[in-house]
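These are the structures, in structure tokens.
The two complexes that follow have chain A in common; it is paired with chain B in the first and with chain C in the second.
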Partner chain A sequence: MPVPNSLRCLVRPSTGLPVSIPRTAASLGVPSAGLLGTPLLAAASFSTTSSRSEGASGIAKNHHRGGKKTFTVKKKAFVLERGKSPLPGERKAYRKRIILSNDNALAVPWLTDLGPAELSNENNVARVMGIPEEVQDQLRASEAFKTTQCWRMFRKPAVLVRKETVDLTRRMDRAAQNNEMLRLVVTGDKVAGKSLMLLQAMTHAFLNDWVVIHIPEAQELTTACTEYAPIPNTDPLQYMQPVYALKLIQAIKKANEKVLSKTFTRNAHPHLPQNIPANTPLLTLANVAKESEAAWPVFQSLWAELTAQGVARPPILLSIDGLAHMMKISDYRTPAFDLIHSHDLALVRLFANAFGGGLKLPAGGAVIGATSRSNAPRCPSLELAVSRREVEQRIEASSKAAGSGSGAETTATATEEVPQRDPYFRGYDDRVEAVLRSVEVLRVGAIDKNEARAVMEYWAASGMFRSVVDTKTVTEKWTLGGNGVLGEMERASLLSMRM
Partner chain B sequence: MATPANLLRLCLRPNRRLSTVYSIPFPRPATSRPLSTTQWRGKIIVPTEEEKAFTGEPGPDIRNPGEFLAGLLEEEDITNEEREEAQRMLADWEKLDPKVKREYDTLREQVDEGTRGLRALQRVKRSTFWHEDEVDNDMLTDEVGEDDFEEDDIMAMGHAKLEEHREFREYARLAVWEMPLLSRLAKPFQPPTEQEILRFRYTTYLGEVHPSDRKVVVEFCPSDVPGLTPAQQLKLKKLAGARFNPEKEIVKMSCERFEHQAQNKRYLGDLVDKLIAAAKDPTDMFEDIPLDTRHHKFKPKIRFPKDWHVTEERKKQLGTIREQALLLDESKRKEGALVDGVRTIQEALNVRVDGPVLSLKGRPTPSLRASR
Partner chain C sequence: MVFIFGVNFGEHKLVKKALERFYSLGPQKSARILARHYIHPRAKVGSLQPKTVTALTAELSTMVLESDARKLVVDNIKRLRDMNSYRGRRHAMNLPVRGQNTRNQIENARKLNRVERAG
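Coming up: the complex of A and B.
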């Protein structure tokens, strides 16, 4: 029995309140603490009432019976060893990298490289042809390749020559011959190959020594993700984007090195950071842009030189992807915090001007814009203009056919009505419609079975498609791919995990 | 004619009262409102004239036939015959022995006292668990003495079942014998003439009163209106606004503003006249306003494409295409130009294994060995 309890046995029950002896006192060996039953606290003599002093209750309160103390072992937090995490920007670089070759893929023996006239040759329709190394670099420099395209599966980049390709390149050639400007919008369904059509046009331009100015994503210019500044003495006020301009100049320089080094300035450009006299290669002029401060004046000078009349100049291809982003009100703000129309941004204005027909090039050229079906803001004016131009083109073609004698199809298309604005819809943009009023529209549709066969034979010969490419397989994949939508066919046969 | 029967009738007349055993149904609201915090209240029953006249207890002044007859004579709306009769009877009453009259009084008081319990107003107990005393109108029988079997007849439930059966048969007879006669009333359909451009629709609830039985709907096609130029037709469509259906080219208007169907129809007819007159008015032809069809959603009609029908010609065409495809495959196979993905890979592997053999740790590489 512990000491305090045994001592409690000696306490007379008549004292009422339970009185306990503090453990400290007991352990310190307080001399015979109340052996005669006198409690430790001073009780009044001759009183039968129980003591209710502060001290008594205090003692009672302090007393606590030590219960069983539980000792819990805390679990250590589980630390998952993830290894080294990627450095800042590394993930994005991984995501955005462009891989153009695959050493594990088989080399296709019959694959030939494209020559300057191959893409406009009708005999090459439904043939897969390789892109030459030099052009690969040029295309890479102007960011024509995209991560969503399947370049990384094959030994070297190759493209399928389609009917639309030949049509497009012939139009480009015709424009260059006549010193005219081809103004064209490439449209079509999702993953039908609009961006690739743009890439083929650029390939053709590079092969034929054109100057190519390519804007890989129009949204980079209009979604307020790059710096901008007003250009003084412009009315209406325009805005330059110096950082993007620098990037663009560098891309132009890298991609068109050969052509620019053979083209010389007509005028001197003394206002630039580095004095450029007349008869200097344009490459030198482009090299002046080292920092974004000087980028815009350099770009202006470069553009003025490229479009200078009366001297030998190469044809120019202006190409832009994601056209809808260019045809909307941008996310930039004026100093008065009003939204800026995209066409008031100087770089975009250049393209809009070209689409509208306000640009005269000395050696002709082309401006080609590709719409997008996945990353595109709703742009009713663009949709309307494209559909309207398509119908107008059909009507023109049918009237031409009627003029030449065959009037069978004329009745079918002559009844077609040109789409008009919905009078009660507010979202139209007059500036956009004015720009797109007279462009040509090229619809990239589905490929036919010959083309499908050609591309599937290329896949199989590369070791990426494990099946015999006969009519049955081709028809099967063609049907699975939405009756010949090239991207869907790729998804159905190349990108499926089934081996 | 102081026959005893008449006398007795008259004597009992002051004691006549309505039966006081009302069964007051448990009042319940017809449609129970959910989540109402207000106390429901029963319908206030306004007593009819007759109920007001007979309040149950006779007036304190009428205690014997003499007093009643005297009161009757004072009333003005009785016939002369009745008056004579009443006078005669009053004279008879007066002749009676006062002892008899007193006996009558005591008898009346005793009867009053004895029937007091019966006359007390009986209320249905509201708080009963199943509302047992409530009247249920949906039952076949009235449930009074239903289970009493007198051994002379079938029970009440049986009678009720028979009654139900009779009702069914009545309607069956109607259906068989009288409904076919309705066809006599049928009129042959006559398509509307060119002059009848309005089509009206009425609603009937077969004799029931309904708030929308007065509604009239009119439909017409603006191009059917005689004597309208295309410009006037367009103006008419614009004036009709959201009542114009651009898909069917029909203007549809309704009216239920007035109490009677005929009034509503008249209003619609006048309105159409007004619309046509306004459309013909050349002062403002609304040329600057395009036809507004935002109220209407055009549904694309999906039809099976004509080109997809497998006709005999198409079958032949497909046959030739397939034949050519097979021939192409066959010729390619003969030439060795048919590309086989699996074989290509295999060949490439065969070329590669000439070098050092790769093998997985601890495992043979059967496929490579087999290919060698």
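Coming up: the complex of A and C.
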């Protein structure tokens, strides 16, 4: 009786069939001991190599003779591990975020919040005072805080009341009392606190229920990065910026909600997307702007209502940062491919008009522009106008002083000459000079040591400045900070450990 | 996606770059087209009004673009060749046309200077 195993030895071996016959026995045709079921592995020679020690099973596997086998490592495609990339807009949001509170900083117990009259009170000079919560929201809505300022180091935003602050806010109050327009350019050295001065003016305005219209960066209007369109029936042709206007209306609405809801329209505005009858709160009017198409007509109506004569209106503060950008030829083009002057852009024109004195507000107000030393195109006319006005102001002040009897300063300024145009230079702009002919100039200079001490005590109380504040340290930091340039002092004492 | 002159552009593409996609429109011409339609240089295709897109397409359809513009180039070279001018002959020989040396570095001339120029 044939054993199935012996028949199997006649079958052509293949990989599918495990055959338990050693190579030598199979080639000789000898029925092996496998028939009897004895272990065949015993016949295989001893080897430590796994292929050999497998014994008979190796035959079936290796009966195909392949080519020479080489060991090649397959090259893996190089994949750079990048992690999750940020979503569109995420990086910018991170870069532009404003942090106004630091829970790790100590709360300053003696810090008092600003009231409506605090910023114009002379007794508050050289004191650090907190910005109330409500005003913080308003300032944030109008983008008064900047990423370059050190708000994120302290428990809550606070400002140093300086001599210049009191001067500025008093001028604002005087203008509002007399229903006049304060036209002021804030200038000064790099990181001297020009934008902060603007912020303080805005704080004062918010606290006193003014309407604040703030343009955080003039360059956003003039560097051709927002949409523009011609305004029909204007001569010379003006241009509106609907997308920016929408953004501005929303900021105005958010920042001035309280005042706008208490102010009512005088006329009806049937041409807007939503009919606005007379005696509607201005807030409702501002709410009409939902899309950029309607933004410009809404802004025009809002502005017409805010400046309407003969009805109760709040004072208005127009503020703009980065003044040099609005005093140049913009990057926009006419259809004929000529560059458009910034003052032909309607929003900028509104500010230029206010600076030039062509704006009459029912309850007075102020237009304040701050120059910038870090992001400013060269603007010779602005520089000239500012320096000229500064000298003229000094001469006026000295002549006043002479009139009142003290003649000591007269001799000092009598020798000063009002700067004139360089006759060999062509880059002046007549329109800019006409606008700035009669503005007031406020130079934000260095702080004195009293103010320096006040601000350093605040830093120390917040736990951000870790040494004793005495005359020596104050003088040291004051000197290190370019003789009292506030931003430089901040760099020298607060930001020196920044990694 | 926005169709300008029969080509589909993504929303986030700059209008200027979208225009420069068409043969014969370079930085100068595209800047002028933008100015003519009151489009600021940093505008994206997605932000265009439908009527602006129509106007752009209308303007582009009046211009010599793409295959017409290529044909114009070829015709100009052909004219030079037909009048048997030096420039025409140099084009025909795939050699530099404007007096460059030919000892070496004339790969681009060999590639491009032909009577039936590709583009």
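Methods note: the second predicted complex is superposed on the first by the 415 of 499 C-alpha atoms of A that agree within 3 Å, B and C clash if a C-alpha of one lies under 4 Å from a C-alpha of the other, contacts with A are read in each partner's own complex, and residues count from 1 in each chain.
We take it that a residue touches a chain if its C-beta (ideal position, glycine included) is under 8 Å from a C-beta of that chain, and two chains touch if they have at least 3 such contacts.
Note that this is a predicted model, so its numbers are computed, not measured.
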| item | value |
| --- | --- |
| Chain B versus chain C as contact partner of A:94, first or second or both or neither | neither |
| Partner chain in contact with A:228 - chain B first, chain C second, else both or neither | second |
| Touching partner for A:71 - first (chain B), second (chain C), both, neither | neither |
| Touched partner set for A:335, first chain B, second chain C, both or neither | second |
| Common ground on chain A, meaning residues reached by chain C in one complex and by chain B in the other | none |
| Complex interface listing, chain A residues touching chain B | 106, 423-424, 457, 459-461, 463-471, 475 |
| Complex contact set, residues of chain B against chain A | 290, 292, 294, 322, 325-326, 328-329, 332, 338-342, 344-345, 348 |
| For the chain A and chain C complex, residues of the former touching the latter | 224-230, 239, 331-337 |
| Chain C residues within the chain A interface of the complex | 31-32, 34-43, 47 |
